[in-house]
Amino acid sequence: MTDEVTEPLALDPDRLFPEGEKSRRIARELYAEVAEAPIVSPHGHVDPNLLLNDEPFPDPVELLITRDHYVTRLLHASGVSYGQVYGGGDPREMWRVFCAHWDALQGTASAYWLRHELGDLFGVNEEPSAGSADRIYDRIQSRLAQDDFRPRALFNRFSIDVLATTDDPLDDLAAHAAIAESGALGGRVVPTFRPDAYMDPTAPGFAERMGRLVGDRADDFDAYLEALRARRAYFIEHGAVSVDHGVRSMRTLDLPRDEAAALYRRAVAGELSAEQSAAFTAHMLTEMAGMSVDDGLVMTVHPGVFRNHDSATHARYGADTGHDIPIGVEYTSNLRPLLEKHGSAEGFHLVLFTIDETTFSRELAPLAGYYPSVFVGAPWWFIDAPDAVQRFRAATTETAGLTRGSGFIDDTRAFLSIPARHDMSRRSDSAYLARLVAEGRMPMPAARRAIVNLTTEQPRKVFKL
Amino acid sequence: MTDEVTEPLALDPDRLFPEGEKSRRIARELYAEVAEAPIVSPHGHVDPNLLLNDEPFPDPVELLITRDHYVTRLLHASGVSYGQVYGGGDPREMWRVFCAHWDALQGTASAYWLRHELGDLFGVNEEPSAGSADRIYDRIQSRLAQDDFRPRALFNRFSIDVLATTDDPLDDLAAHAAIAESGALGGRVVPTFRPDAYMDPTAPGFAERMGRLVGDRADDFDAYLEALRARRAYFIEHGAVSVDHGVRSMRTLDLPRDEAAALYRRAVAGELSAEQSAAFTAHMLTEMAGMSVDDGLVMTVHPGVFRNHDSATHARYGADTGHDIPIGVEYTSNLRPLLEKHGSAEGFHLVLFTIDETTFSRELAPLAGYYPSVFVGAPWWFIDAPDAVQRFRAATTETAGLTRGSGFIDDTRAFLSIPARHDMSRRSDSAYLARLVAEGRMPMPAARRAIVNLTTEQPRKVFKL
Amino acid sequence: MTDEVTEPLALDPDRLFPEGEKSRRIARELYAEVAEAPIVSPHGHVDPNLLLNDEPFPDPVELLITRDHYVTRLLHASGVSYGQVYGGGDPREMWRVFCAHWDALQGTASAYWLRHELGDLFGVNEEPSAGSADRIYDRIQSRLAQDDFRPRALFNRFSIDVLATTDDPLDDLAAHAAIAESGALGGRVVPTFRPDAYMDPTAPGFAERMGRLVGDRADDFDAYLEALRARRAYFIEHGAVSVDHGVRSMRTLDLPRDEAAALYRRAVAGELSAEQSAAFTAHMLTEMAGMSVDDGLVMTVHPGVFRNHDSATHARYGADTGHDIPIGVEYTSNLRPLLEKHGSAEGFHLVLFTIDETTFSRELAPLAGYYPSVFVGAPWWFIDAPDAVQRFRAATTETAGLTRGSGFIDDTRAFLSIPARHDMSRRSDSAYLARLVAEGRMPMPAARRAIVNLTTEQPRKVFKL
């Protein structure tokens, strides 16, 4: 698989642009409008303590591999055991294994981002391989020792305007407060309310969690709702702009209050069947939408994932280890109860993400093309990749235009990949718009407005930033 | 969103063609074969009274906005209330709102058609915007006052050979008869039998409607079938060539006669459950296919839509106000009872439309590539758009070739958009065929035959025109 | 439809390559790396007796039409009766009918392959048409009389390194043994174990088949499993490398042993409901995976097909007559029981094919991007076609890279089409990789390694050849 001959690593300044002379020229012009724009990142998974503690990154493996399950999963598929990946052995040895498997990543979005990071941030000029592994390791390691490679310095160098983290509803948000007080960052770090484990009676430890959330009236539905509202308010005080839901199904329900209350009591008592638990979660999505109508927090939903598909790996190495696998999702019928109740509420914003691409043209664009509350989330996770982005734009724009999306979301826990991801998005959108202009489907001035809107205005508007 | 600087509106003569020099040249040659061909429109929603009364269009808003729910829905999504859109206020004010929101339509098929109409029909030479709104309004208004902008003059200028309307089975078709008698049109206006409300026991007023259709034996299944046959015959006398079905599910059943008759009796009595009603509708699709086998009317089906998704808007502003939302559809298993009974019947034509693009390569092309009765409907509604058409052709041609489709269907109630829509289809098909030729996959003479066939011969053959 | 004027048939040496100058040059370079590589065909449906008997092909119709249900179905859809196609009448007359309907095949993968075969193998230089039919017939017929057009000579001329057939578990594999003993072929012909009818209690003659497989303890589940193991061992002795499953649903189950045994006993007794039969088959997939873990045979699955959709044609003309129609498939949830048990087993290879393209990016690439056992099957059947291959690569590579696929599978019973199919695949992959290189997403040396890997190394590795 690997090749001992060193190959140059070069970042083509025109990468991702179309090959035709006319459309390439247009793409360059559009990209120039936003290439240096600040980064607005309203949803992601960077640990705020990274920015609070501002410790140097320990080594290339911790920096680029073990925190990034997009990468570890492909090593696993290629036969590298998770014992080696997550075992904490000699990082140089692990780095050699990674470089020897570099061809397994060729063509993936991860390889694209990593090449950008290696070339742009670390000045690496050769492709990873068994032969180049040590040289690249040493180069990265020497940079990591420099002060301008600490997290805060990078945050500022990346021109991050807003960075949202994802947080447990009971988190005290002390890290966020301390970061804000420090005044060390040129942009905001804001928390995001992620209540999945507080809405799903099948989540391990649900009753105990309710005890911590609600207190001594833990089985009282009104107290439960009140506690959720209070924690949302606390998050808002600390700068939060959105609530994120990761659910398997997009099903929503609007149950009679007493029925929902009864389900909740039995949920705390551990008496619900799987179907009843699902009904409770479906109802709670509608409740949370109502709270968003009241308090203004944007509601985002990431449905359609079978989490922790390999239970043995989950038991041994925990969640987010590369085996969350997508499933089909249905939005049109499932969302109706929620939208009937709140879809036309003033100021309500509901951002619907998907990995089920079939829903872009069939359901999400039609919904966002009618309901003022609904926005189509940017391609998420596996489909946050150059070709998938072209498919996304082609599937949604003809129905919903260019003003009904969320703007780009990097959704990453790999801090160093943030500029590469946003740059990829800007290039992809420039390439798409260039095609529309070249095909006589959009005038150039409108395309110039669109690239700026997609890059910075739209995420600020949708996430109320 | 809007830009006060006036921007030129220009129609690129090569719009929608590929950028490559070779394929662009081929696309131009193919398009030239059909650019001026007459319009064959075997399915649409133009009101025949428009052509009967031949009144001048009152104003740009009535002409281009309020009749077109493709447009109103995007205004609604952008925050323009339907109170303003449908409220009948000052049209000039509404036109300004529309122009100020023009960027919300950029990239959509509607913007493409509207730009074609503005530039080609009205000679408008600047993009809509807050700044240009009044000038464009005045220009359109002045044209509408001219006799050659009346509906009949436009019908003839558009070179419409056949225009099908969509009609209630109990319609007396007087408008169609009067239009035919007038001799004023250079082409035919033919009705289409649309029996949805007569086959769905859950439709409001079903029993009463049966009374009107069947008469005093309203609960007699044989009388019901006989009445449907009689109305079909009446439509045929008035020029109808097809029956159109808009159903949520593609499910078909072939029930024993007594079981179907019992369901019907209970349907009229209002005693069916939702599941039983669905079964009745599924059975009736097979009955209607049988009638098509007998009387030769082409059967078209538009399944997979959740109609009137926002019940509050439906209650206030009626149907066709932009919130019919697609859902997934299954054809292979669902159609089997109908196809087992009638799929090989001599002369039977069954045209299957979809908005669920996943079915093109998986189900519709394989079905149409075997059953002589089955034809794949042209991309419908949201996917009647340039990129979606390329996806449609790419998804169906490799399996079913170019002779198993319906030919283009505009399906529109926006009369003025008809030439723009057919032109878009001709350009899109030329672009697709040019790619096949340029990639060495089809000889040029075959591509020339194909573009002519797709444009005029195929719809005439499929719809027996 | 047809055109009496003779049109030249020419094979563009750059066919399927992109039009852009840069990417075309890259595609040519990549294709040159593999254009002459030997053919590795680990799954297909060629009859081994063809190579054993080595008789001359009788005529063009037997050679190119009646054995190829990809072609016969399109003739059927175009109104040619199966009575004529399969009736065994004058082949020259049937050939004329075929040529007169050539335009019905334009744009399909079949037309692409046939044109390649006519031009490259037979030196035909005009497109089929009513006018050219007799000339082409005579030219093919004269070649078929030559010794170098016998099956074995063609096998060697095609540079086939491995050709897998598909065989009944009780086949004695005498043909394979005799071919191997003959020493006449430059490559291997290996059998494939295809146990569908032995795992599906609803298959006609199931109990009787169990009698033949298991013997006097036909209703003993352990004896049944033992008999399957024994037959697998027999196939391995005769060179088999894989077991192929054609199932309607991808559902798998891991039932308790006694429950599975009870289902089996009742299956042999003909007492299972449809649902119980499906559960038995689902359980047996997990059992067969376990046997693959033990004996090393690669497990391939071709799910999601409604076989013999037109029962009248099936009754009259048998299976594989063009009306197997795809249905949607779900992998993520359905495969979990099997993968929980065997997904991480050392050396287990599970190749998942699909005709449901929606699963490529949503389910198959994510599964293959994590489980070392899972490989994404090459586009199968209707989607083994140029545009579909580009969609497949674009949908899977960004998630799973280029090393998690099966390599190309021709899956054909049309022996003469094998080189055309492999050549099409090599061109398509070259075109795809050229785009990645041209867009700055993959360095050229990696693309060179990738095209070689995709063409010969990957199928050898995945199928353990």
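Annotations
In order of appearance the chains are A, B and C, and numbering begins at 1 in each one.
As a convention for this text, a contact is a pair of C-beta atoms (placed from the backbone, for glycine too) under 8 Å apart; a residue touches a chain by one contact, two chains touch by 3 or more.
Because the structure is predicted, anything quoted here is derived from the model rather than measured.
Matching the C-alpha atoms of chain A with those of chain B calls for a turn of 120 degrees, to the nearest 5. Residue numbering shows that chain B and chain C use the same positions for less than half of their mutual interface. Remark: chain B and chain C have CA centroids separated by 39 Å (rounded to whole angstrom).
The residues of chain A that reach two or more other chains are 20, 358, listed in rising order.
Listing the residues of chain A that touch chain B in their complex gives 18, 20, 22-23, 330, 332-333, 336, 339-340, 343-344, 358, 361-363, 365-372, 374, 394-395, 397-404, 436, 438-443, 445-446, 449-450. By the touch criterion stated above, chain B contacts chain A in their complex at residues 1, 3, 5, 7-12, 14-17, 19-20, 73-74, 76-79, 103-109, 111-112, 127, 306, 309-313, 322-323, 325-328, 355-358, 382-383, 385-388, 391.
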